[in-house]
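Per-chain numbering from 1; labels A, B, C and D assigned in written order.
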Amino acid sequence: MTRMETLELIYLLCAVCFIVALKGLSSPKWARQGNLIGAAGMLVAIATTFAWPGLHKIWLIVIGIVIGTAVAVPAARMVKMTAIPQMVAAFNGVGGGAAALVSLADFNLSHRSAGIGTSAAVLFSVLIGGVSFTGSAVTFAKLQELMTGRPVVLPRQRLLNIVLAVAALVFVIWGLAAGSMVAAVLLCLAALVFGVLFVLPVGGADVPVVISLLNAFTGLAVAASGAVLRMPLLIIAGTLVGASGTLLTQLMATAMGRPLTNILFGAITAKPTTAVAEGATDRSVRTGTVDDVAILLAYARRVVVVPGYGLAVAQAQHTVHELAQLLEQRGVEVSYGIHPVAGRMPGHMNVLLAEANVPYEQLNEMDEVNGRMGQTDVVLVVGANDVVNPAARDQPGSPIYGMPIIDADHAQQIVFMKRSMRPGFAGIDNALLYDPKTTMLFGDAKDTLSKLVTAVKTA
Amino acid sequence: MTRMETLELIYLLCAVCFIVALKGLSSPKWARQGNLIGAAGMLVAIATTFAWPGLHKIWLIVIGIVIGTAVAVPAARMVKMTAIPQMVAAFNGVGGGAAALVSLADFNLSHRSAGIGTSAAVLFSVLIGGVSFTGSAVTFAKLQELMTGRPVVLPRQRLLNIVLAVAALVFVIWGLAAGSMVAAVLLCLAALVFGVLFVLPVGGADVPVVISLLNAFTGLAVAASGAVLRMPLLIIAGTLVGASGTLLTQLMATAMGRPLTNILFGAITAKPTTAVAEGATDRSVRTGTVDDVAILLAYARRVVVVPGYGLAVAQAQHTVHELAQLLEQRGVEVSYGIHPVAGRMPGHMNVLLAEANVPYEQLNEMDEVNGRMGQTDVVLVVGANDVVNPAARDQPGSPIYGMPIIDADHAQQIVFMKRSMRPGFAGIDNALLYDPKTTMLFGDAKDTLSKLVTAVKTA
Amino acid sequence: MTETTLGLLSIFVLSVFVGFEVISKVSPILHTPLMSGANAIHGVILVGSMIVLGTGHGAATTILGFLAVILATMNVVGGFVVTDRMLEMFKGRGGASRRAVEPPAGGDRP
Amino acid sequence: MTETTLGLLSIFVLSVFVGFEVISKVSPILHTPLMSGANAIHGVILVGSMIVLGTGHGAATTILGFLAVILATMNVVGGFVVTDRMLEMFKGRGGASRRAVEPPAGGDRP
């Protein structure tokens, strides 16, 4: 076996590690091991690459790796749970950028001799990688609230898009025909602009779906770079992520009840919506005291807790679990109604509540709780808003129309814990806050819950 | 693109067809389309091969194909549903034989120059293909009742096995070291003998699992031939079948409740069993009349029909459905209890009853009917035997011990429709036939059922 | 064909995963048709048989290749026909019962 | 590397199937960790970056390659670390609740 064949064999084993890792990650029991297997495969692949025949500039490579690690590890370690989606977006974006750079760098050496197949792979990688890079940057800015979370449509965006698309097409043809490096660089710039335009019109609530899509994009860009370098390892790993990411994007969009095209292009094609729920603010709101609510809960038969993003912000998962245990000791049947997109990432609530050791049996999916909502005495909405907003059912003009929701309004009583009357992620008013069955408990979710715990103890 | 590349591209599309076919075949809705897609891919692959650069002896090829088709089509068209498993075994065996022959033929040309990798692939393909060929022939003979269905252990079989294994090892080393055609042919002969020895000790009831295993073997032999010819198409298709066949074998063994090693080697390693149920024949049996049973059924609240191999033999699926409809019109709750290995192949009963348009909702799996067996008035066992034999639960020495069964003995009354007191496939006595709760209705299942239909109409 | 050994090995390894995954959700009803369909698919050895017979030389290779073509054809043709016969039985079902057979998730489209 | 274009294409096609199939049974709880883990895996572009930097020549290639190594390293390292942090949260669960999360079929072993 030549040295190259040995390397290829090791790379193949690494590719197998990646497949096993993905398989593990899709099963709750093996998820963590899966991730570690993936990391191990990656480590071996990187270490093996140092034995690549004729590899020079080893020190530069090591310095690059050290810099990258020094930036990424603290960022990944320090990030708060609630900020994980933007962290994933950031790491995804740099991967897309790297894929584009690799293709550009290789093309810089080979473009005069490259066949049309290689040129095509380079241009694809540059285009998709570039879109992923700036697209991820914009999602990061949206989620980190460096800019508004609302859909942004630039003036004449359609025209701009068309101009860009034509330009990109020209660069692609030019690049293919002449194997031109200049064309590749120009295409890269166009892709960077296009990435921004692509993500700006997406509403904040839909951003996680876009992250997943850009993740699949980066996978494909990596696969294309793999085709440029003729490396099966990169092709396998990139394609795996591209394919599974595409499926995952679809699954997420389904969980939000919105077709993908709507998420991506909804804002551009939308007619200006009539402000359906405007002027609602003068409606009256019932504010309750902690003691009222404590009694309501303590004497209920069945309580459903609907956690949302505010629970995560307030880090109130342990306190809510304490309250639930207390109520159960009193004979109240407590369960949690987990909306698939509550919080800022799918599964966000599950992760948080698992952290607080809430038994898995109590975590019910949306359909389960909805089925028994008629027999529920109190729904306790902790820092959630959009996921119980009946506008998703009733108001065809609403940006969240069509999303399946938790039918809190079908219960006997609803208690909202939030700090103000401000809207949630989607930026729209929630008529349920003004419902006669609703009691508001204003304040930080953790504070209010601690007070409730004390009050229930004495109730 | 060169002509060869064009061929390879078409072959790759065919490989995709095969993947899609397997995927279709594992979903009830798409199974038939899946099979047709596979057939289409195969047709394209074969047609394309006629354009292979430098292909001669076209007429000989065409004659071969015509002969093969002339033999296979009538056989596949005429075969009775009950004989399908042996048909599958036969078609599988010839495939294994073909894989071995292809490798041998190619080796005959290349053996002097073949690298060790190619030699290894040749020897593997010859070994596995040969085992599959004679192994399938023996399973065919067992199922077609050309020989006994009981496990056959030759005198000194262990010794014979060891001698054969040593011989095979010698041939393999010889073949690898010297690239010797003689070694390959000798290995082929050893494999043919070994295939026989491998399947002889398997009990008839376990034969379908062995067919599935040999099917996986043939897949691997084809993949190895693909490695010899360096053809991705053969590698992909063969490996697909090898991998999915292995999994399927495991699933089938699980459905029979018996570990795979037990199925394959049980008879060789078993101590001579004491004849547990011998001398039972002098116990008394209650024989009923059609009219008795008609009244029993007509006034029952809940009836479970347990169909078995005899239903298939008698082609009584339409009649049993007629009876069930009649009973339902009278307000009796009728369902079918489908044992996973009732009949002679997994899913045999589902296929038959589907043919008779029995609604899918009435077909219950074993666990479902067992759960409600206590509330069942009558279990109507139509041509089944082993799948309701309590020995599987009670008698550790029995060959079917450990197989999950339908607990017919937990119902109020049991009615058996069979032609005699003869045992079923496993060749063992069934104590339930002598149970005081049991009524025997002797005769061909279809005849008896027609009489029952008439009797119930007047009941 | 000019694939490298490692290229072929990669193809083999990936096919193993595809083979395992693709049928991992099969319902027991379909065990036999699936086995039979898979059986037909490995009949692709016919392609190999044709090439060996058509490009080989010498009496031994011709005889072996010719036999292989006959056997492989039986495998292919018989395999697909018998599978189709089996599956034909399922077609009588109406829409409602068919839907009941389907696994609930959307992932079963081929 | 000497793979043929069609060999690479075959590898690509098979990987598409593996990618689709392998995650088709994922439970919604795991959407985010799965996305994050997949994100780390495409960080394998680091291997490509190292090779381009280490075997290339000229200032432009060196600069591009060096940048690529840094970005790709962030992708790999950050990706795996953040995924592990997420999954750590699940570990507190006892055996009973863990079993409840598992799909019933046996096919979920990685």
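The rule we apply is simple: a contact is a pair of C-beta atoms (placed from the backbone, for glycine too) under 8 Å apart; a residue touches a chain by one contact, two chains touch by 3 or more.
Keep in mind the model is a prediction, meaning the values are calculated, not measured.
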* Check every other chain and keep only those touching both subunit B and subunit C; list them. => D
* Between A-D and A-C, name the chain pair that shares the greater number of C-beta pairs in contact. => A-D
* **Between subunit D and subunit A, distance of the C-alpha-averaged centres to the nearest whole Å** => 16
* In angstrom, rounded to a whole number, how far apart do the mean CA points of subunit A and subunit B lie? -> 47
* Asked: Approximately how many whole Å separate the CA-defined centres of subunit A and subunit C?
  -> 40
* Structure fact -> Per the C-alpha centroid definition, the whole-Å distance linking subunit C and subunit D comes out as 31
* Specify, in ascending order, the residues of subunit D that touch 2 or more different other chains. => 2-3, 5-8, 10-11, 14-15, 17-18, 22, 24-25
* Structure fact -> Contacts with two or more other chains occur in subunit A at residues 8, 19, 232, 236
* Which of the residues in subunit D end up touching subunit C in this complex? -> 2-4, 6-8, 10-11, 14-15, 17-18, 21-22, 24-25, 105, 107
* **subunit C-facing residues of subunit A, complex** => 5, 8-9, 12, 15-16, 19, 232, 236, 254
* To do: Sort out for me which residues of subunit D touch subunit B in the complex.
  => 5-7, 9-10, 13-14, 17, 106
* Asked: Along subunit D, where are the residues that touch subunit A in the complex?
  -> 1-3, 5, 8, 11-12, 15-20, 22-58, 60-62, 64-93, 97-98, 100-103, 108-110
* **Sites on subunit B touched by subunit C in the complex** => 4, 8, 11, 14, 18-39, 42, 45-46, 49-50, 52, 54-58, 60-61, 64-65, 67-69, 71-73, 75-77, 79, 81, 84-85, 87-88, 90-92, 94-95, 97-99, 101-102, 104-106, 108-109, 117, 208, 211-212, 215, 218-219, 222-223, 225-227, 229-248, 251-252, 255, 340, 345-348, 350-352, 354-355, 357, 359-361, 365
